[in-house]
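Presented below is the structure to which this report refers.
Going in written order, the chains are labelled A, B and C, and every chain counts its residues from 1.
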Amino acid sequence: MRKGPSAFNIASVVVGLAFLYAPIVILVVYSFNASRLVTVWGGFSTRWYVALFQDAQMLDAIWVTLRVGALSATLATVVAAFAAVALVRAGRFRGRTVLAGGIYATLVMPEVILGLSLLLLFVSVGLPRGFWTVTLSHATLTLAYATVVIQARLASFDRSLEEAAQDLGCPPWKAFALVTLPGIAPAVAAAWMLAFTLSLDDLVIASFASGPGATTLPMRLYSQVRLGVDPKINAVSTLLIGLVATGVIAAYLAQQHQRRRGAR
Amino acid sequence: MSGRPQSPRPQIGGIRETFAPWADPQARPLVRFDGVSKTFGDTTAVDDVSVSIYEREFFALLGPSGCGKTTLMRMLAGFEQPDAGRILLADRDIQADPPHRRPVHMMFQAYALFPHLSVAQNIAFGLKQQKMARDEIAPRVEEMLSLVRLDGMGKRRIDQLSGGQRQRVALARALAPRPRILLLDEPMAALDKKLREETQFELMALQQTLGMTFMIVTHDQDEAMVVADRIAVMREGRIVQVGRPAEVYEAPADRYVAGFIGDINLFEGRVAASENGVVRLVSGDGTFEAEGTGPVGETAWVAVRPEKIAVHAEPPQQGVNTLAGRILDYGYLGDWTTYLVEIAPGRTLRAARANATRATDRPLGCDDPVWLTFATSSAVVLTR
Amino acid sequence: MRRERSALAAILPFLWLAIFFAFPFLLVAKLSLSDAALAMPPYAPRIDWSQGLAGVQAFLAGLDGETYARLTQDRLYLDAYLSSLRLAATGTLILLLIGYPIAYGISRCPPRLRQALVMAVILPFWTSFLIRIYAWIAILKPAGLLNVVLAKLGLPAVDILNTETAVLLGLVYAYLPFMVLPLYAVLDRQDETLIEAAQDLGATPISAFWRVTFPISLPGAAAGALLCFIPMAGEFVIPDLLGGSDTLMLGKVIWTEFFANRDWPAASAVAIVLLATLTIPILLFERQQAKVLR
């Protein structure tokens, strides 16, 4: 019985979305601009994409970033799944507040502080900085986000399904694996995706935790951006945006489809 | 049903005997629905409803879910606009008034109490909207709290209250600004049976004490029977019968009303004769006589309630309205025992017997042959 | 039985957070009490484990608050501190003012559209932060798109890149989804019959909004404000790319001290000051989340 949106409501949403999307649209459009200048439209061209794929350093950075992203997201998702089970299922055990506190603190902690502290850790234990230190740092950064996503789904998951499985003779761990895990699988996948994109995106922590030979894409982009606007950046940005948008929209549609089937 | 004895309390049963403004052609109704219709998409929620509600009346809209009773109430409150027809409040068309300008207040089904406000602030909400002076609000809130027996609870938060207490806060909040008519949308749906029965009597006493007009929407026929002066039975957007509870029960307008309110046994047949206010009906189960009139030669039904059928272990003397059968099953309900009697293969009737004495032995059991009788005055003729 | 076993699941995340989150903070705190040195790593004192207990004692004796004293002497740090808080607070206020109508507008839409709109608000968050901020450079620079559009409209050109205005714009742009989502969550959950009840009791639609919808949505506003304020106060990329050399923010100071000046103790001390300042908002945020969790 909710009243429909008023003209003011519609205007707020439209203006808000325009504000969010305008810069992204401009970026994508100008990645196909033949001219080097942002303000001049020199005709449609894919020359920046060609240039991008000839830039060995950039390609190398992309490869490093994807590997770090996949590995750190996997680590974070596994730890997050444990954290979510403890937070949702264990009731009020001692240390629950501490665990929840730690998770939410990493969620809002300024990246500069997190990066600096992780760097000091690696220096103090003598771990050489590179691929692995970035991966561990990103897993720490994304752990909180992954936990929130999985925990939300787990909390709304009908506990009695698992109890029914146990009632039918399943041991608790097996009931969890056979009933609950498939039920929360979409959330686990979403958590992994989120962790992966956050890792792809991170500049600050990677800059602290990285060493020679492990330059990630954001680090490469950052050094280029500081030198000035380069249309190659538009090209790589467009590719990234396309990749992520496709993934997210596909996941969304799959979820909608499943929900509609479930509703029937 | 046990009301909590409170004294002094109005003896509502007695008052109701003489209260009948609807029978008075001079009386002006407080609310008048005049040919009101409302459709949502393809479904007709309310279909050409005309009905009047009088000052100080306790009026019930009764029907199954989806019959349009809630839509009818929401149109009076102003949350829905009728597609056709008029709604008059004290002879004034209120079509153009938005909900907040109507002197009609509603008690919502899930109460809709404001979670960010205390009990007292909830009750004061409507008073503040009326721009009532601050020093008048506090005593009114206190008065309302004691009216619903929540004295001293004004400072409580809503989430600290039990279901029954919330229900009473919702009642107090809707009553505080003294509406011309109070609308109650399934007010007792969230309460358990015992509390519901107590609350029904409290609600009636409150309505009498305040001298207000109440309109209740319910799907519970027992509730409507207990609380209301008149019941309007709704079906698929239409009102099929309006009347006092006893009228609706004892003289249902059609088979739908007869079946919706209480149990009923029906005999379908052809009217053989209709004279002196008695109809003789020839049916496949036999020939029956019932009070009423009917068109001779047409199809009609004789309807008789289970408690009006007498069950005999021995064949009675020859007379009208007698049936033979055997007990298929029975259920003991404490105050009543209900028998399911097979009078022909696949054809069963219900008969109920009051357990007036504390019978530990069973005079009648399964498969026992029995004879059923009912008086001509206990049965009615239905032509629809 | 089952509950206790579930608590065992906490061991792994606990260990992870202890090693990669809690312990490193102790290192930052320790380092903030050290002095910069021309060495690798560039600070002193360090524990000489070969001397055993005496080494630890010598190390402890070497710690002092000198770095903090240095922070108070240089006006730059105080300025950076104050402008960090000012920009984060102003940004949060602007976010509340523009985020609320957006969240409210979405919550008024039909359910199907609502889901798609929420998706549309989240989607930019999934695309690179750095790239989105970079896009603003092309828009805001003197010969950028904004001025081209302004010139077409016959309006005077503006030069806001490398100013605080640009930083605020960037902050608001980057954190808008974090403000809209918690607000939307409370507004969407709100029971519509409460509004009907308010109107039934004589409140106009506008008054019903201010007396019912708005107060009930305040926890969402608080969550959004904290979720934005805390990371914004330590933001590095936005002031660095959009603020130029004029805008001082603590995140940038930590970065500069660390990478440009190689003054690790100073970077650590600034980090500790920032962390201490953010402790109260962080604790408030956790209390808020704990309520939601329950």
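In this section, contacts are C-beta pairs under 8 Å (C-beta built on N, C-alpha and C of every residue); 3 or more make two chains touch, one makes a residue touch a chain.
Not measured: the values here are computed from a predicted model.
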Common contacts of subunit A and subunit B?
C
Between B-C and A-C, which chain pair is linked by the larger number of C-beta contacts?
A-C
Note: subunit C sits from subunit B at a C-alpha centroid distance in Å of 60
Note: subunit C sits from subunit A at a C-alpha centroid distance in Å of 17
Residues within subunit A bordering two or more other chains
1
Multi-partner residues in subunit B (2 or more other chains touched) are 79
Identify all positions of subunit C at which a residue touches two or more other chains, and write them in rising order.
193, 196
Considering only the defined contacts, which subunit A positions touch subunit C in the complex?
1-6, 8-13, 16-17, 19-21, 23-24, 26-27, 30, 38-39, 78-80, 82-83, 85-87, 89-91, 93, 95-106, 108-114, 116-118, 120-121, 123-124, 136-137, 139-140, 143, 147, 155, 172, 194, 197, 200-201, 203-204, 207-208, 218, 221-222, 225, 229, 233, 237, 240-241, 244-245, 248-249, 252, 256
Residues of subunit C touching subunit A in their complex?
2-14, 16-17, 19-25, 27-28, 31, 41, 98, 101-102, 104-106, 108-110, 115, 117, 119-124, 126-132, 134-139, 141, 143-145, 148, 173, 176-177, 180, 192-193, 196, 226-227, 230-231, 233-237, 241, 250-251, 254-255, 258-259, 264, 267-268, 271, 274-275, 278, 282, 285-286, 289-290, 293
Write out the stretch or stretches of subunit B touching subunit C in their complex.
77-79, 98-101, 104-106, 108, 110, 112-116, 125-126, 129-130, 173-174, 177
Residue numbers on subunit C that touch subunit B, as the complex places them
191, 193-194, 196-205, 207-208, 211-212, 215-216
